[in-house]
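Same chain, two partners: chain A is paired with chain B first, then with chain C.
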Partner chain A sequence: MTSTIDTPRSPYSRSPQRRGVNWEKWGWIYMRASGVVLVVLIFGHLFVNLMVGKGVSALDFAFVAGKLANPFWQTWDLLMLWLALIHGGNGMRTLVNDYATQRLTRGILKSAILAAVVILIVLGTLVVFTFDPCPAGSPADLLPSFCSAN
Partner chain B sequence: MPQQSAEALTSQQKTTSRRPAGTLYRGREGMWSWVLHRITGVAIFFFLLVHILDTALVRVSPEAYNAVIESYKTPIMGLGEAALVAAIVFHAFNGLRIILIDFWNAKYQKVMFYVVIGLWVVTMLGFLPRHLYNVFNN
Partner chain C sequence: MAAETLVPEEIASFTVTLIIRRFNPEVDDEPHWEDFDVQLYPTDRVLDALHKIKWEQDGSLSFRRSCAHGICGSDAMRINGRNRLACKTLIKDLDITKPVYVEAIKGLPLEKDLIVDMEPFFESFRAVQPFLVSQQAPKDGKERIQTVAQRERFDDTTKCILCAACTSSCPVFWTDGQYFGPAAIVNAHRFIFDSRDDNAAVRLDILNDKEGVWRCRTTFNCTEACPRGIQVTQAISEVKQAMVRGLK
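Up next is the complex of A and B:
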């Protein structure tokens, strides 16, 4: 049996182009595109929640409800949720590919990452769209001030 | 020495060079920025998982959300938030550095690493005093 060996200095070439979408390329592009947007979204999020007013010590249901009653912050948080979870999940996938040596371990870890990302995106999206800032029967002092207005 | 072996020696020196052509990621600034990017990324990911779960409590009841968010106001968690912000700020600035390496010019990667460190220090100087005051005085 004979086999051909490339000459040592032959130029690097990829294996024959497989058909279909190059997902790794789009993942690479996604990390950079979402990264730029996330810098703005997360810096804004941190500024409004930790720097303005009394920062972390002012956080409570009334504060969050006041924000989530506003379509601007709904959109902001929803974008942050989707972009950050997929960015983080894809980053974790990269680490698993780098450090998990067994095929089975990689499969288990990547399934766990995918499950966490999907479940939290669904949960977070449901919260943003079904959230009620003035739940009936809750004490008025825990609610945003606009709840008692009408 | 015959011409051929001198040539072989040169090419061997090339292939065993400590800094092979085409990578920024072996040694010094390029490597450490990469290491820090991974460590901060993993830390932020795990916080994100918890943070979505605690925020989802707004859908349960105001009491449930307030009870959990109170734990974020303790001194230990306050220091944890400082560490989290430190990680996020580094990851953000170094991420922009990676984008500039990829789309602009890789030859400034070392300089840009020190710019990242500088911006990180400035941002943390703006954030830390105010945050620590909020944690320990309110």
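Up next is the complex of A and C:
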């Protein structure tokens, strides 16, 4: 009797190289570049929101509305949103490539990741650009100070 | 001189328990752990312990070893969870108050006891063209001249003995076994940065692939595992850099 142990290698094999854009290379470069920028963006975000002035207790609707009415913070948040979601999505894609061996499982998981990234980016971008800092009929003490000027 | 002073002092020996992951494809369905007690000296190596077991206790224990002195790279195995050459691991460097666990390297098909099928490993090695490719004949029919600095550039990666300790310690290689693996990239590095070689672009192209260098996560397992002390992760990063910036 002879028994064999399943080979630890997956059933699919290395496919011959395809021409065109090398996504793995650009993905790798993107991860490095976005990682460096994100360190600045995220720690800057945390510092401004949690440390500066009255710190975390200053966080309320007025604070966020004030930030999102400022083109500087709009750009900051937008960059952070896009870079972080694509960075995270690409990282998850790498994990799926590592651990999902079946074609179908890979397809489903990667589509789910792509859908999540796209939906969040679209919603987030929409909020950054269409946010109304002074909703009508709200008590003035909850709104940013510039609302009463109108 | 008194006779008793001529009697050499007896060197202390001690009992070490080795727990070895055994697998006999003709009998077993699954590998299992088996323990052996061996009397050893501090200067003995894990390979000596395996020899003692094979010669004195159980002749069916199977493992590879050729030179037994860290040159041939035959006896890479997982010792206490780390990939090491059995012939370079001294018993005194291990914690012998506890059993020493020995098993085959991971990620390659297990054949028997500590022996794995190395073919997938060598397949990746062959794929990177690990040989000198030169388009010009050497000057005056003599050797190809190289400066000290040019030789130094790839010195580290010439040390590889193809033991597979690095590749079989790589978590990316464990996942599906399709990644070229550190050893293949190290051996590509050896020729990519060799001034006498003309095929660097081809090798970079081979490794600039879905299963090539971009799968490296810089875990440093390979560098830690290398019995020759090659800075494997650094070599992989240098290959990546050559792909992004081009060869200098």
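Worth pointing out:
Basically, the second predicted complex is superposed on the first by the 132 of 150 C-alpha atoms of A that agree within 3 Å, B and C clash if a C-alpha of one lies under 4 Å from a C-alpha of the other, contacts with A are read in each partner's own complex, and residues count from 1 in each chain.
By definition in this document, contacts are C-beta pairs under 8 Å (C-beta built on N, C-alpha and C of every residue); 3 or more make two chains touch, one makes a residue touch a chain.
The model shown is predicted, which means the values in this text are computed figures rather than measured ones.
Of the two partner chains placed by the overlay, only chain C lies in contact with A:Glu24; chain B stays clear of it.
Of the two partner chains placed by superposition, only chain B is touched by A:Leu85; chain C is not. In the overlay built on the shared chain, the residue A:Ala69 is in contact with neither chain B nor chain C. Touch criterion met: A:Val56 reaches chain B, while chain C stays clear of it.
Once the two complexes are laid over each other on the shared chain, residue contacts for A:Val37 go to neither chain B nor chain C.
By the document's definition of touching, of the two partners only chain C reaches A:Ser3; chain B does not.
When the shared chain is aligned, no partner comes close enough to touch A:Val96: not chain B, not chain C. Comparing chain C and chain B on the residues of chain A they touch gives the larger count to B. Annotation: chain A has no residue touching chain B in one complex and chain C in the other. Contacts from chain A toward chain B in the complex involve residues 32, 35-36, 38-39, 42-43, 46, 50-51, 54-62, 64-65, 68, 81, 84-85, 88-89, 91-92, 95, 116, 120, 123-124, 126-127, 130-131, 135, 138-139, 142-143. Touching chain A in their complex are the following residues of chain B: 38, 41-42, 44-45, 48-49, 52-53, 55-56, 58-59, 61-63, 65-66, 69, 72-73, 78, 81, 85, 88, 92, 95-96, 98-99, 102-103, 127, 130-131, 134-135, 138.
On chain C, the positions that touch chain A within their shared complex are 23, 25-31, 106-110, 117, 120, 172, 174-178, 205-206, 208-212, 214-215, 240, 243-244. On chain A, the positions that touch chain C within their shared complex are 1-5, 7-10, 12-15, 17, 22, 24-25, 27-29, 98-99, 101.
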